[in-house]
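Can you keep this structure in mind? I'll have questions shortly.
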Amino acid sequence: MNGGSLQHFFAMGGYAGYLWPAYAVFFIVLLADFFAPLLRRRRLLRELRARLGRKAARQSRQAPTPTEPA
Amino acid sequence: MSAALTAVPDHVILLETRALGFYRQDEPVFASLNFRLRAGELGLIEGDNGSGKTTLMRILAGLLHVDEGELYWRGQPLQREHCLGEVLFLGHQLGLKADLSPSENLQVAVGLHGYRAQTTLSAALAEVGLSGYEDEPVRRLSAGQKKRAALARLVLLPAKLWLLDEPYANLDRTGIALVNRLLEEHLARDGAALVTSHGTVSFHGGEPQRIRMHA
Amino acid sequence: MSAALTAVPDHVILLETRALGFYRQDEPVFASLNFRLRAGELGLIEGDNGSGKTTLMRILAGLLHVDEGELYWRGQPLQREHCLGEVLFLGHQLGLKADLSPSENLQVAVGLHGYRAQTTLSAALAEVGLSGYEDEPVRRLSAGQKKRAALARLVLLPAKLWLLDEPYANLDRTGIALVNRLLEEHLARDGAALVTSHGTVSFHGGEPQRIRMHA
Amino acid sequence: MSKWIPLWLHKLSSPPTFYRFAGALRPWLLALALLTGAIALYGGLVLAPADYQQGDAYRIIFIHVPSAWMSLFIYGVMGFAAFLALVWRIKLAEVVAMTSAPIGAAFTFITLVTGSLWGKPMWGTWWTWDARLTSELVLLFLYLGVIGLYHAFEDRRQGARAAAFLALIGIINVPIVHFSVNWWNTLHQGSTIRLLGPSTIAPGMLWPLLTMMLATKFYYLASLFGRVRTDLLDLESGKDWVRTIATGSTLQ
Amino acid sequence: MSRPGLTTACAAMLRRDLTLAWRRRGDIAMPVLYALIVTMLFPFALGPEDTLLERIAGGVVLVTILLAMLLALDTMFSSDIEDGSLEQLVLAPQPLALMLAMKILAHWLTTALPLIVISPLLAGMLHLPTSVMPVLMLALLLSTPMLSLLGAILVALTAGTRRSGMLLALMLLPLCVPVVIFAAGAVAASQQGLPWLAPIAWLGAALVLLLVLAPLACAAALRIALDA
Amino acid sequence: MSRPGLTTACAAMLRRDLTLAWRRRGDIAMPVLYALIVTMLFPFALGPEDTLLERIAGGVVLVTILLAMLLALDTMFSSDIEDGSLEQLVLAPQPLALMLAMKILAHWLTTALPLIVISPLLAGMLHLPTSVMPVLMLALLLSTPMLSLLGAILVALTAGTRRSGMLLALMLLPLCVPVVIFAAGAVAASQQGLPWLAPIAWLGAALVLLLVLAPLACAAALRIALDA
């Protein structure tokens, strides 16, 4: 394909202003949809590690101190 | 701390009621109530269900108007502006926002009242047995845990007079011991407290003054 | 009354839990809880604040689902349809409409559950010490009076099993005695009851079965 | 009760098994989606001839129609999973239903946007309150309602069941979207493409469309598996198998 | 010791809710006042031009009344949840769906009925021709119970959550739209002298279906929402 | 032992209310969604005729936004009363009027501001000309705080009563009407190419007055309402 027909291709018979935004929305939305859970997964694992750490700390703190007598 | 050294001037009568009475629909809830509460003293308000304990507390806190008789604060006729910030009230409704965590709730209280000397927020929460629950929304706490979160205000805020309406309700035994310990420390700091309670309060810091409400 | 004559068949195991467990956010509130409650028996659920007493009660009442383990009712796996109307639940929230009077509130309950034999509405209110307050809107009652209005359901409605979450809270001494008397009568009628409480329950109708919740 | 489900399905519905299964399959699904998608795009944008009426604008069809189909298809999947979740309390079904919702919402959104981008040159307006357009907008609201309800609950599983209930109620909207062009006189195109029976569309336009339809299906599965894996980690965060993953070990 | 019959139980529920509504009769007036205010504000906001007002009257009245109902929906179960009455209802030995149907009926009687009664007044304020009013009221009589029933399901679903307000609006919208379209369609047709029976018949059929299904769905939803 | 300064206290209050709003961010979206739904229902109810919609757009948007705010007003103090936080606030050693001003500010930020932000969208849905939008937003910026302030006094007055709903609507109506008239007047004038500054100036003057007086009145009203 030469430059002229490429330009012709992008012009889309004068409908470029409608066609390309449509395709852009299609790809952007799907990309966002695909990567959102991956980011969430990373955050989740980080939080989970932090929580496990806290829990271990709580348990080690609780173990030696017996419950107060009434 | 410093108050203990200057004991004499502080042992004035903090709160005094003279012939206090309150009416609802022209029927007396209580009438001609007289008592004096000194700094360092604990008053125990006793009475059956519906005898007017909560009503009395709300009057003393300044939430209800005085129908009859007079109220004196440090020997002067009580005016709300004089005792603002010196009185801490804990009622049947705990005044906690269910969507905030205990520590966020306390931060608001501290923002309004300020800290008592030598206390921190996390220490207060630890003292009432809520460590580990600092950041849980209050709605997720059990009934007793909510009560404890409200009690942390007593640890944290500066106030001379505590008005505690049934502070023991919903608490387990360590919780009851906690309230008693807080009261003892408060009295030792020359604070005063008025407490309503139905249970047998095993309070070890001396004999409290008993105020009976007659229904 | 008639049940006392045919005591043997009724002394079956009313409620049984086998390895009951409940999780919140994947953390156990309690786990592997086993107990049996027979007709005529009182179970006392003990545990500190936040140990899961209320949670257990709500599971037994059928308000929360069973996460783990099994529940048996009269020897059969429990299904809500089988025990509807046989279980009466009194929780931290009393289930009273603040705009209705105690007697109106009870009328609704009676409309849904029916009367127990030989009871009337006004007698029930008198028994819980609310005579004179029958037609006062509940919002105008004191904390203890509200509790008593809720307790009147126990007097009035037919039910085999009572689930009472901290029935003593907010009550004065006569109120506590009242709860104990109601419990004794209920057990004598071959009813069963599960009660949570922090205070020392001075219950005179025999030694209750103690169920401890470990936090 | 789960005895009704065949054994292998039962086994697969155990969270750690499915986590591994989905993890293994997902890259392949993604690759398939990209491959078929690329072919469809080349076919649709380059090879296919221009429409004699609409010129090149009709090429929006290659994303509009597959997205529209997906918006309905995913709702169907969600409804089915919701049913399983409500009746048998299968955790995996809850998760599939709840993770389908955002993907479905994404496709619905794409349908609405591409539709109005197509509508401006064809009908002269971005939007009219016509039956198909409105019911598709309602579909978006339904998806958003399901997502919102799910997140409104503190307890994830309880939220999943409540939202599943809502999803089931809303399923009546799916036939309305599909048949609205037959039931009411609308501006929107009637059915031209039939999988069974003759279609009234040129084959040169049809095959890229069907290929794109395949691509979106593959994409849906890939995206779904990714989301399900993440949600399972969250839901099962107390369990040992998640702990081993969190603390960085053998399982991926 | 006998369990009360269904009629007794239904009567007890209905009586309870009506008494409560009467005790708070100010709140019954609330949707009515709201609708009045909205209808009064329109001439202020749009200018008092009779032909314009007449043109939009039917639609504005319908939308206003449905919104006023939406406003009141939120409270259908909320106070019962807060004070624990709903738990007691769930535990009562009566079919929950039936009891909820009574609650929905009471809600409709106390919010929708007053609105329908004043709808001619509202329509008159906007100069709707008197000949159209019977159709408007018929449309309202059929569409308001549908909103009550649909709303009840959704309110029940959000009962256990903290964000009920927004969700309710979001979830109700899709269900509102067809109701509004058909009701407004009937009114518009009648105003233009066209036959208006078809949309009314559709509304009626949908209502019958909902009358049977909605209470059951509502009961199921409530059980899910309370289980926390 | 030192009492915190006014800024600390104000910051604590504001932060508390904003955090609470954020925790229930769904409820912030509620008035917004409500306004969106109302605006969407109009084309359904009136038919999608562009000139008609354009003609009524300004008025409908104003009325809708004010109603959405009215909707949210009711909750300004209610939850604080129920859980006893308001008692604690009254007993705090800080000027109550100032603390209430902070609450009102938080309320405006969380309900009115989002509405103002989406108002161009609403207006666009009804085809209001873009040139009129700045005037519409200016009118909203001045009139919504007035509603918040006036509403706060009324809500405080009705806080102790049980019939708050009706009372609130009844008392707010006379106060709403002038605000709507001036705001709609400005928008209509701008839409017709006439000068619109005079009504805007009136709104501004009233707002300044209210900013000073309303918190004081609100504090006094609350003390009365709690004393029961």
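A, B, C, D, E and F label the chains in the order they appear, each numbered from 1.
As a working rule, a residue touches a chain if its C-beta (ideal position, glycine included) is under 8 Å from a C-beta of that chain, and two chains touch if they have at least 3 such contacts.
If you're wondering where the values come from, they're calculated on a predicted model, not measured in any experiment.
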item: Smallest number of contact steps required from subunit A to reach subunit C; value: 2
item: Most remote chain, CA-based centroid, reference being subunit F; value: C
item: Angle of the C-alpha superposing rotation, subunit B to subunit C, to the nearest 5 degrees; value: 180
item: Top chain pair, ranked by how many C-beta pairs fall in contact; value: E-F
item: Rounded Å distance, subunit D centre to subunit F centre (Cα mean); value: 40
item: Subunit A and subunit B, separation of their C-alpha mean positions in angstrom; value: 50
item: Length of the line joining the C-alpha centres of subunit B and subunit E, rounded to whole Å; value: 47
item: Touching two or more other chains - residues of subunit E; value: 23-24, 162-163, 166-167, 170, 173, 177, 227-228
item: Multi-partner residues of subunit A (at least 2 other chains); value: 67
item: Subunit B, residues touching no fewer than two other chains; value: 92, 99, 173-174
item: Contact footprint of subunit C on subunit B as seen in their complex; value: 47-50, 53-54, 92, 129, 141-145, 147-148, 166, 169-176, 198-199
item: Touching residues (chain side subunit C, partner subunit E) in the complex; value: 61-65, 84-89, 91-100, 104, 107-114, 116-117, 137, 158
item: Residue numbers on subunit D that touch subunit A, as the complex places them; value: 45-46, 50, 55-57, 59-60, 63-64, 67, 99, 102-103, 106, 109-110, 113-114, 117-118, 120-121, 219, 222-223, 226-227, 229-230, 233-234, 237, 242-243, 245-247
item: In the complex, subunit C residues that touch subunit D; value: 23-27
item: Subunit F - residues contacting subunit E, complex; value: 23-30, 33-34, 37-38, 40-42, 44-47, 52, 55-56, 58-60, 62-63, 66-67, 71, 162-167, 169-170, 173, 176-177, 180-181, 184, 188
